[in-house]
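To keep things simple, chains are lettered A, B, C, D and E as they appear, and every chain counts its residues starting from 1.
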Amino acid sequence: MGKTTILIASAFVWPYMHNPKGRSKKTGLPPGTLIHVGIARTEKARVSVIDYDTERLLEKELVDVTECIDLRDRPTVTWVNVDGIHDTALLQKIGDCFGLHPLLLEDIANTGQRPKLEEFEGHVYIVIKALVWDDAADRVIEEQISIVLGPNYVLSFQERAGDPFDPIRERIRTNKGRIRKMGSDYLCHSLIDITVDRYFDIVEKIGDHIERLENTLVNNPTPKVLHRINVLKNEMTSVRRSVWPLRDVLSQMQRSDNEFVKEETRLYFRDAYDHTVQIIETVETYRDILAGMLDIYLSSVSNRLNEVMKFLAIVTTVFMPLTLLTGIYGMNFRFMPGLNDPEGFWIILAIMVAVAVGMIAYFKQKKWW
Amino acid sequence: MGKTTILIASAFVWPYMHNPKGRSKKTGLPPGTLIHVGIARTEKARVSVIDYDTERLLEKELVDVTECIDLRDRPTVTWVNVDGIHDTALLQKIGDCFGLHPLLLEDIANTGQRPKLEEFEGHVYIVIKALVWDDAADRVIEEQISIVLGPNYVLSFQERAGDPFDPIRERIRTNKGRIRKMGSDYLCHSLIDITVDRYFDIVEKIGDHIERLENTLVNNPTPKVLHRINVLKNEMTSVRRSVWPLRDVLSQMQRSDNEFVKEETRLYFRDAYDHTVQIIETVETYRDILAGMLDIYLSSVSNRLNEVMKFLAIVTTVFMPLTLLTGIYGMNFRFMPGLNDPEGFWIILAIMVAVAVGMIAYFKQKKWW
Amino acid sequence: MGKTTILIASAFVWPYMHNPKGRSKKTGLPPGTLIHVGIARTEKARVSVIDYDTERLLEKELVDVTECIDLRDRPTVTWVNVDGIHDTALLQKIGDCFGLHPLLLEDIANTGQRPKLEEFEGHVYIVIKALVWDDAADRVIEEQISIVLGPNYVLSFQERAGDPFDPIRERIRTNKGRIRKMGSDYLCHSLIDITVDRYFDIVEKIGDHIERLENTLVNNPTPKVLHRINVLKNEMTSVRRSVWPLRDVLSQMQRSDNEFVKEETRLYFRDAYDHTVQIIETVETYRDILAGMLDIYLSSVSNRLNEVMKFLAIVTTVFMPLTLLTGIYGMNFRFMPGLNDPEGFWIILAIMVAVAVGMIAYFKQKKWW
Amino acid sequence: MGKTTILIASAFVWPYMHNPKGRSKKTGLPPGTLIHVGIARTEKARVSVIDYDTERLLEKELVDVTECIDLRDRPTVTWVNVDGIHDTALLQKIGDCFGLHPLLLEDIANTGQRPKLEEFEGHVYIVIKALVWDDAADRVIEEQISIVLGPNYVLSFQERAGDPFDPIRERIRTNKGRIRKMGSDYLCHSLIDITVDRYFDIVEKIGDHIERLENTLVNNPTPKVLHRINVLKNEMTSVRRSVWPLRDVLSQMQRSDNEFVKEETRLYFRDAYDHTVQIIETVETYRDILAGMLDIYLSSVSNRLNEVMKFLAIVTTVFMPLTLLTGIYGMNFRFMPGLNDPEGFWIILAIMVAVAVGMIAYFKQKKWW
Amino acid sequence: MGKTTILIASAFVWPYMHNPKGRSKKTGLPPGTLIHVGIARTEKARVSVIDYDTERLLEKELVDVTECIDLRDRPTVTWVNVDGIHDTALLQKIGDCFGLHPLLLEDIANTGQRPKLEEFEGHVYIVIKALVWDDAADRVIEEQISIVLGPNYVLSFQERAGDPFDPIRERIRTNKGRIRKMGSDYLCHSLIDITVDRYFDIVEKIGDHIERLENTLVNNPTPKVLHRINVLKNEMTSVRRSVWPLRDVLSQMQRSDNEFVKEETRLYFRDAYDHTVQIIETVETYRDILAGMLDIYLSSVSNRLNEVMKFLAIVTTVFMPLTLLTGIYGMNFRFMPGLNDPEGFWIILAIMVAVAVGMIAYFKQKKWW
């Protein structure tokens, strides 16, 4: 029982991860105040920049953020990636560099955002959620990724150092695919696309868990199974909460009146949009399956009760008449038939066996046994 | 049991708080009749006024409401705050001062409004609900706040004296943030924004309660837990009922055809709108979790029943054969095998122990024990 | 049980009230045939008329309906109120007077309408439902009110004599409020507004019933409670069925392209619209609460079962070992330890007490008792 | 049990009636292939025609379908009614006569259509479902009626000979109502209107069944009741499936851009539309009531179980201590108090009565009895 | 029990069929990378081509794909059918031939698509799902069919060799119906139409299974029935997931702004659209029926429990008093009435029979038996 307790507790703790509690420290402050809301971090924030066009490629790590003013003004595509959003001073500097609105900066620092797209003067602000499967805790972890898409630059902000975008960097370096030939909108698409691809991995992982759970459900329907069903349902909700608004974001990106996305890139956003729809559909299917499993669980509990009760009824019904028989011949009347008969005992025993066999046959026929 | 009864009763009483019963006294009266609907109050209503622009600042408490006619006509931003809406005579005077429609005044005095935005000639009327956590009663309390936004004035009406807007007053006094530089629309935004910020606190508080409930749910699933789940569900409904229509209000405020909100302030209303969406999402997640907890509660009740029944079945099944054996040797037949054998008693006892052990082994193997 | 039976039966009878059964007698008749569908009435129908403008006021009861042709053509506002719609000949005469379409007349006579607004050439036809709490039967009774709004006249049709509109008549007579200064559209609003006001009374009444039910639910969860929950749910459905379409009607009345409602009156319809939204919200809240009460009821039934079973298990478990002990010493072996010991009986009794106390301690510790 | 089995089986068979199984024989055939899908019929199809205007009236049965070409071209309204759609050769001839599209003819012959309106060049095709209460099987039977509305003709196709339209024929013959004065659109309306009127009869019938079921539900909640609830729910679904799309059809008919319906007839279609909305609302109400009845049924099963268990617990608890007492005095100790006392037996009996009475008093006080 | 386990396991495995797991191998690759996602196949892909107009017909199997460039440029309708999409090199060649976008090719190779329609420069891409009933596994199997519709060509891609389109080929060869007279849009319609026709077969098959299940449900409600209900529900979900988006595709095809579909063909797409609506409706009806069956199943489990408990209560209640009686006369008091009476034994037996009969009569009267 001890193990189950811990598991259940952990199962319910996770949603608070996604709704970080620090939000309340902002109550009463004027809008646009730059405060980090999320899990406190101590490591140093890192800023790396890649600047490229079809021919040239520049890649370096920035120590002083103002260096990128220079890159910003060149026609090449500039991608500034920030690992760690707890360093609000750094965010402020980048914001000054690229002319970001205080409200936008505030949102980057607050990890409680939901996926959204907001248009500002000269750039678009996109929030998406990266999902990672934490093998240790056996659950989904959510990370907020902010993307600012300008005419010839992309800024990306991650909660902590990690390598989710490494395949894209690799593609840029090796000039694989069309990424070097296209603009900042395609780079922005690539960042979102790779995040959506990871959703498929998560969904497959959850699918595996459901499959494993099914076998347990049939062979050993313990309360732990119910708890696992609930945990998986919550995980599904978590994925859904990340994907649904992302779908809207992608739908806005492919709309023809979006000035930041070129005609040729629109097709790629439509493709990513399609992927989110596929994920949503799979999530809904899994939710249906989990609901069905809940039904089966509850009904198997009832069935077990039925079986126990049938067993009790059979035992009681078989033994009660036998006990009554012994009771009758245990009475102290002087005159009872057969008392002194040497065969009496054996005759009664034979009758008892006959009664017992008859009862059992009756239950067999009623299919209780 | 006594305690539970009281708790459950109190849990269900609260919704009537939000739908004040006095409403029926208005039946049959012509529309626009000024009657206070809500909890009767005796303290005196207070009117305070702040008048400011970038350079000047005037703050005082009004004794005679007509004083503000003067301020109204100056280009500075005038904020009139009224604590206590039960003084209908005072409301009428203010209404005359600022040319408020009788229907608008009627709505201010009636605390049964839901959040809404209504446009009138020359001003906009906004109703929002402030939520406060009442630690004594351990539940959410709702207060109606009415805001009238004119070209260069804001009127705010609260049910009773309190300091929800003190941080804003402080910002105006200390000239912190951009509040002194912007118009009445930004002041109106600040009033709403601080109210929405408080929703986050409430939601976090409810989240804490859910978390605490989860532990109890697992360790001790009493009917009290079921009751608490219901109370929290009702609290969630309460928050939801305040936030959903507020979202619509904020959506109307940021629409481009709203003449009372300047272009630059629109962004701030979009920000507040986003916050309401976040709150709605958290509320929905909590409702899902509570529904899952209800499932677990109900199923744990069933499981307990199963356990009790298994226990009963085991006890019955172990003792019935033993009792039968004693019954057999309690019969008064003269000739029974072993009756006179000095070891007879011990042999039977040994058989009984063997039967009992066999039964228990059988149940162990069936995993009933 | 007898009482419950009657109650449940009556609880389910009411919906047929709202869907009068006589409808089938119209099958096969051409549309526009004037047939009264509803509860048969014998009392005589009454026609009263009030004709007013800012200065003059004429009030009388009509014997001959054609008298009102005269009033119809004057610029004053003419309000013709008909109590009793079973007199189809009378309806036909009024219809001829004001040029009403046969389909409109048919709808007035058929009480199975749902609230709606229909535009005809030169007038608007509005159906609303008045709700009255019948204290005798302890339930909501529905009455159909038809209103025809013309440029300078209002016709209102009620199912039977009653005084729902008396406060309005009083206001006209005493020239209270703005009713005498405004046109037929404001009169029409007043009729609807007072009906909506009465909904608040009904909803408060149902709220009281729910509150009372809650106490019973906790103290004595009998099947009667379940039945009451169902009755109240049905009452709520009834109110909802009247309010939802009324909301649409009021929304159509305040639309700017409605030529029968003047600009200044539109605000009043918006106010009434708001009230319907408030009622809908309260109804939804009550439905949620009732659903929660159903959960609590069902779970308390399960809990009772659990308690009974625990009790049975305890009793069985305590007595079975004791009975076995007596059985053992009831066996007729010649040689049993202690049989001839004068203390033997008391030693066994002591053992039995010890076993019983041990069992009970065990259950106490398992918190079954 | 035998009876129930048959009833349940029949209850579930019906939906296949509405989704005729023969559909699969069309798989792979080109669209427009004329194949009858539905219940096979052997009787001969009948074609009757009525041709009328305000003054003239011609009514006859057609042997050769080509006769109607003549009537088609006259300005009078021509109504061709076909009883029996299994005669595909006949359908083909009529189709050739009136220039019907192969897809339209295919739909007429296939009874698996859902109500719909399709516009073709020069005519409109309408499918509706007639509902008839089959008293023998105690359930709703569905029949497909196809209507083709042309500028001056109406074709109606029924599955088999019957008289649903006789009242209309009668009205035409006797020149009652406005039918002779109006065009083919009004005739089409009449056909639909009389079908909708019949829905009211069906709904009333089902209402009667629900009412009867309620009484049984309270007095004798057997599984048969559950089955009846399910059957009625399915019937409601059946009605709903016929009415919902019909509502859309009628909504399309009254739209101002429908060229086949004249301005004056539009009002009548609005009236029929209203009726469908009323039916839908009644159906929804009945579904709610049935859902409530299901709750009551399930809970009354639980209550019965509770009662049985309480009874068992009482019996066990009363008899076990008594049996123990007899067991104690059935032990074979030589020295037991009172054994030789002539009053001993009676004293023990008195103690036993006292224990039994005490137990029962205890249960009475716990309100278990 | 062993059999059930296997069945349940297989029941839950199927959804992964539709959401092929290989998707994750695409994570991180640039969009447009051609990778086959689905069940690995080893057989060789086949390309067959039919080229026709009203007069000519050419049919052959292609070895070298570039042969079709020739056909593509002729005004005749060219239908290229590819069996086997795992050969990505082949897909690439065809793509080059007809100028297909890399994203389009990627979607063809990835069997995890949902039905959709995407417009590209010069052609339309349609994904649909063919459903086949796998008799061996007793379940629905899904196959992805991609169709590219150009001005005078149709490309169709199937997952593996099969003959779903054979009837169409036959119609083209024999010049049956209008297929040879019409363009590529009609051919495209035929491909979709025959696939939709097959859905009817599947739905009928599932209907048969439901019918068979109903009989079992009544006669023998085992957990296996619950499992079958769940499997069928999942199958329905599967069909629904294929049909719903297909409906949207067909709705887009018949829209007047679709340049690839000619006016005359639009009618045929409307017809196919109608069929999807019919299927959706049947699916919804079946889901309702399955939900009702679940209710009946669960309630029949409860009823069985009730019966078992009643039986147990009856047996206990009948035997306990009898056993008490024997206990009383088994006590060892010297003086008990009738002990020495030769009739004593028989009198007690008579009393016992009387008690038993009385008890049974009592239960009969309470209708427990």
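The rule is simple: contacts are C-beta pairs under 8 Å (C-beta built on N, C-alpha and C of every residue); 3 or more make two chains touch, one makes a residue touch a chain.
Predicted model, so just to flag it, every value in this text is computed and none were measured.
Participant: Through how few touching steps can chain D be joined to chain E?
Facilitator: Between chain D and chain E, the shortest chain-hopping route counts 1.
Participant: Note the shortest touch-path length, in steps, from chain B to chain D.
Facilitator: Minimum step count, chain B to chain D: 2.
Participant: For copies chain B and chain C, work out whether under half or over half of the interface numbers are shared, and give different or same accordingly.
Facilitator: Mostly different residues: under half of the interface numbers shared.
Participant: With centres defined as the mean C-alpha position, give me the chain A-chain B separation in Å.
Facilitator: For chain A versus chain B, the centre distance works out to 27 Å.
Participant: Where the CA atoms of chain A average out and where those of chain D average out, how many Å apart are those spots?
Facilitator: Whole-Å distance between the two chain centres: 43.
Participant: Residues touching two or more other chains, restricted to chain C: which are they?
Facilitator: If we look for residues of chain C contacting two or more partner chains, we find 302, 305, 309, 312, 316, 320, 323, 327, 330-332, 336.
Participant: Please categorise the chain-chain contact pattern as a line, ring, star, complete graph or other.
Facilitator: Basically the chains close up into a ring.
Participant: Mind sorting the chains in ring order for me, with chain B at the start and chain C directly after?
Facilitator: B, C, D, E, A
Participant: Of all residues in chain D, which touch chain E in the complex?
Facilitator: Against chain E, chain D makes touches at 4-5, 8-9, 12-13, 15-16, 18-19, 21, 23-24, 26-33, 101, 103, 106-107, 112-114, 116, 118, 223, 226-227, 230, 233-234, 237, 241, 294, 297-298, 301-302, 304-305, 308-309, 311-312, 315-316, 319, 322-323, 326-327, 329-332, 336, 338-342, 344-345, 348-349.
Participant: In their shared complex, at which residues does chain D touch chain C?
Facilitator: My answer: residues 167, 171, 176-179, 189-190, 193-194, 197-198, 200-201, 203-204, 207, 210-211, 214-215, 217-219, 267-268, 270-272, 274, 277-278, 281-282, 285-286, 288-289, 292, 295-296, 299-300, 302-303, 305-306, 309-310, 312-313, 316-317, 320-321, 323-324, 327-328, 330-337, 368.
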